[in-house]
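Heads up, the next two complexes both have chain A, just with different partners, chain B and then chain C.
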Partner chain A sequence: MKKQLTIIAIVAAAAALLPIIIGENPYITGIMISMLMMAALASAWNILGGFAGQYSFGHAAYFGAGAYTTMIVLSRLNPNPLFGIVAGIIVACIIALVTGSIVFRLRGHYFGLASIAVAEIVRLSTLNFEFTGGAQGILLSDVSLWGIDLNSKNPFYYGMLLLLVVTLSITVWLGKSKTGYYLQAIREDQDAAASLGINLAFYKKKALLISAALTSVAGSLYAVYIRFIDTSAVLDLRLSIEIILTAIIGGVGTLWGPVIGALLLVPLAEVLRSNVLGDLLVKLGLVSETSGIGIFLKENLAHAHVLAYGIITVLCILYLPKGILGLFRRVK
Partner chain B sequence: MLFLQSLLSGILTGGVYALAGIGMSLVFGVMNISNFAHGDLMMLGMYLAYFAFTLLKIDPYLALLLIMPITFLFGFMLEKVFINRVINHPHQNQILLTIGLGLIMSNTALLAFTSDPKILTTTYSSSAFNSASGISVSVPLLLSFLITCAITAILYLFLSRTRTGMALRATSQNREAAQLMGINVAKMSAIAFGIGTALAATAGALIAPTYYIHPLAGHSFLLKAFTICVLGGLGSVVGAGVGGVIIGVVESMASTYISSDWKDVVVFMLFLAVLLFRPQGLFGKKGGQ
Partner chain C sequence: MIQHLLYIKRLNKHFGGNVAVADVSFSVEEKQIFGLIGPNGAGKTTLFNCITGFYPVTSGDIIFDNQRLNKRRPDEICHLGMARTWQRVKPLGSLTVLENVMIGAFSITSAVGEAEKMAIEQLNIVGLSDYATKPAGSLPIGLKKKLELARVLATHPKMLLLDEICGGLNHTETDTILDIIRSVRNKGTTIVFIEHDMKAVTSICDRIVVLNSGEKLAEGTPEEITNNPDVIAAYLGGGHHA
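Presenting the complex of A and B:
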């Protein structure tokens, strides 16, 4: 445990120095913030999915709960972002408690299906209510905290880094705690765990609450960082799937798997989204910019990152079901 | 009058939902897999009907005779190439694999057909029978419902009377025992997935004349199909049929008496309520717990 915490501290210290080394580069910092956010989200998901073996397909609900609550609190009640974050955690935990109470009595396919249904109810309600801004979303013009310049990206880099460190530390602590052992027992064999007197629903709910709270903090930070949210950005099923995919590619149930997944997937999505690939093909002279294929690539490749996610998911499940870290373990 | 009108249109729409639900339930029963690509297979059916109509000038209902065998083969191949490799995996891997396949299908459609919604307008798309009492029945919805009934009846006869149908049901009841009795369960899985795909695509083709055709159209139907399956009891074909009609009526009532913005929320609430109070569904065997 001490060794793992030391590694986390060293990695975090190295990551904390990165912005100083890179200097003022909003584009690179933006991508790094996305990486840290995805790593934190996948690690938070991993607490439930990895330890307890309960795959949530609706974590966007908790992310969106954090983002929306923060934006509403900031724009209507209190301009201090910290209040927004705390309020977001409370709302996310309420949603998690309701979800957990309904579905953790059931097994197998039901939790996955119900988690999607809850997330869709949250998404559609947010879309239909007026106080959430409906389809237009919420725009925040100005925000400040203790005189820190929140127009710069660096505070959010450190905010996401702190969240990731907290999430990883909780994962380490859980791994050595009674709760962690109970959760792993539940993952391996629910009946055996129940026969040993483990309260299945209670511990699953506990894992879901921790996971949901951490996810909502990521949502709050994202909302204050981007200052504009709508349902398609923070509550979409696509986000839930990206979170799972990140964890799976790295390795579910491992400490560093979700982080590795984020380090791989976020730059990949960025490359596809910003059309680096299309430009490269043109520059190499493989495709003419004015030809039909060139125009097609220019117009469409930016949308192809979801297609790439689909292909990666299929390949990963078929050939790498234990993720990249699972691959190394097999070699040993 | 309003009540009767929404009841009637709910039953008619529900029939088509039932078709999608039955396809999913069959796959679940035989293979024990939640197929998250089901909605995207419906989308495939919508586009096939659209292109059969615009390019080949075939009426969308006649085009079913083409769409069903094509999509059956497509589903059969999908199972042979991808799905059967995860049949003994943990169920979350199966879910993720089908999500991945669904993403590939919907985003390929997005690249190929762009995100502009397409509309399939037949000569009878907006025509309706009007009764003296003021109730009107949309012609395409009524036709879809009748076709659904016919297909369901044929499927029922197939499952209860033919050797393959009985083998499918045996596999659904107990995979190991069926295998011991000499049933080729791998082949049954591929057939079940093929039929499930064909039913999803048929449902898609049947609603194509009354809905917007869009690459992401399948997503809202995916959850509806799940709700239908859970309501009817996962794996129960009869239950899925009844569940489909119930969901259609609930949705129609919700849009009449609450608002059409909230109809999906009501359907998903019903889904959670079923999980809470009757997780085995209306016709399912116990074992959800």
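Presenting the complex of A and C:
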């Protein structure tokens, strides 16, 4: 446990130095913030999916709960942004508690399906309520915290890094606690777990609450960072899926798997989205810009990152069922 | 006066139109080793599932240690002091043998260090210490059965429900398990024991109930049971390996 926490501290210290080394480069910093956020989200999801084996397909609900609550609180009352984060945690936990009480009566695939349903209910309600800004979303014009320049990206880089460190530390602590052992027992065999005195619903809810609270903090940070949210940005099913894929491709149930998944997939999505690949092929003269393939690459490859995720996932399931981290373990 | 730890009163369990357990009553004294036998499909495992809270009962009462168990969850029943093993073993496959037993010990303590200490103790008792760090899923069946036993013993139960704990084991392994069961009883734990192996049952049990097609066919001491003509017709003489 000490060893793992030391490694986390060393990695975090190295990551904390990165913005200083790179200097002022909003584009690169932006991508790094996305990586840290996805790493934190996938790690938070992993507490429920990896430990307890409960695959949630609706974690966008908790991300969105954090984002929306923070934005509503900040745009109306303009308090310290930290209040927004705390309010987000509370709302996310309430949703998690209600969801958990209902859906944890279900086992196996039904839990996954129910989690999608709950996330869609949250999304559609948000889209149709007035106080959430409906389809227009919410714009935040001004925000300040202790005189820190929140127009710079660096505070959010450190915010996301801190969230990731907290999430990983909780994962380590869980791995060595009664709760963590109980969650793993639930993952392995629910009947055996129950017969050994484990209150299934209680421990699943506990894992969901921890996971939802951490996820909502990421949503709050994201909202204040971007300063504009709507349902397609923070409550979409696509976000839920991206979180799961990041964890699965990196390695479910491992400490560093979700982080590795994020370090790999976020830049990949960025490359595909910004069409670096298509531009490169044109520049190298491999395809003509005006040819059919060239136009296809330019027009469509930008949307291809979701497809790429899909292909990588299929390959992972076929060849790396334990994720990328599983590959290294096998080699070792 | 004789202390009864478990009363089963007119228990019925129906699955739709199928009657799995029909009007079964018996009671188990403290520190008894109580056998539950019968041919396949007699309702033995169903009865266990009802007692330990995995199936809701259709009618009847289950009273354990002066508490009615009918509507309780399996984990609550475990905390009341009744633990069970599974006919089809349920190891927590990717956890180590030691961690499996720690899960049991966690029902008594929340401290990881203490749970580990108690688990090691149980592994010593069943003779699995050498396998402590192996993944539970990798054990052969004989050792998995011992693991089931160590895991429930770690919950320090007042009563232990063993569902064919000797099934699929050879004679040496069976004898080891029976020795462990005897010593557990001698330390004060009451045992209810489902078994196919007649030799094992008659050699270890103080009292036996025979189930057939969900109904109680006979009850008595091992001698009474082996000499009961109904039992011989239904079970011992029915082409079964005695």
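To be clear about the criterion, the second predicted complex is superposed on the first by the 330 of 332 C-alpha atoms of A that agree within 3 Å, B and C clash if a C-alpha of one lies under 4 Å from a C-alpha of the other, contacts with A are read in each partner's own complex, and residues count from 1 in each chain.
Going forward, a residue touches a chain if its C-beta (ideal position, glycine included) is under 8 Å from a C-beta of that chain, and two chains touch if they have at least 3 such contacts.
These figures come from a predicted structure and were not determined experimentally.
By the document's definition of touching, of the two partners only chain B reaches A:Ile244; chain C does not.
Contacts of A:Asn199 after superposition on the shared chain: chain C is touched, whereas chain B is not.
When the two structures are aligned on the shared chain, A:Leu139 is found in touch with neither chain B nor chain C. After overlaying the two complexes on the shared chain, residue contacts for A:Ala114 are found with chain B alone; chain C is out of touch. Touch criterion met: A:Asp191 reaches chain C, while chain B stays clear of it. Applying the stated contact rule after C-alpha superposition, one finds that A:Leu17 touches neither chain B nor chain C. Touched residues of chain A were counted for both chain B and chain C, and B has more of them.
By the document's definition of touching, of the two partners only chain B reaches A:Tyr309; chain C does not. In the superposition on chain A, the residues of chain A contacted by chain B and by chain C do not overlap at all. Note for the complex: chain C touches chain A at residues 52-54, 73-76, 78-79, 83-84, 86, 90-95, 99, 102-104, 106-107, 110, 112, 115, 151-152, 155. Across the interface of their complex, chain A is touched by residues 34, 82, 85-86, 89, 91-93, 95-97, 99-104, 107-108, 110-111, 219, 223, 226-227, 230, 234, 259, 261-262, 264-265, 268-269, 271-272, 275-276, 279, 288-289 of chain B.
Of all the residues in chain A, the ones that touch chain C in their complex are 176-178, 181-182, 184-185, 188-189, 191-200. Residues 49, 55, 57, 102-103, 105-110, 112-114, 116-118, 120-121, 124-125, 127-128, 237, 241, 244-245, 248, 300, 303-304, 306-307, 309-314, 317-318, 321 of chain A touch chain B in their complex.
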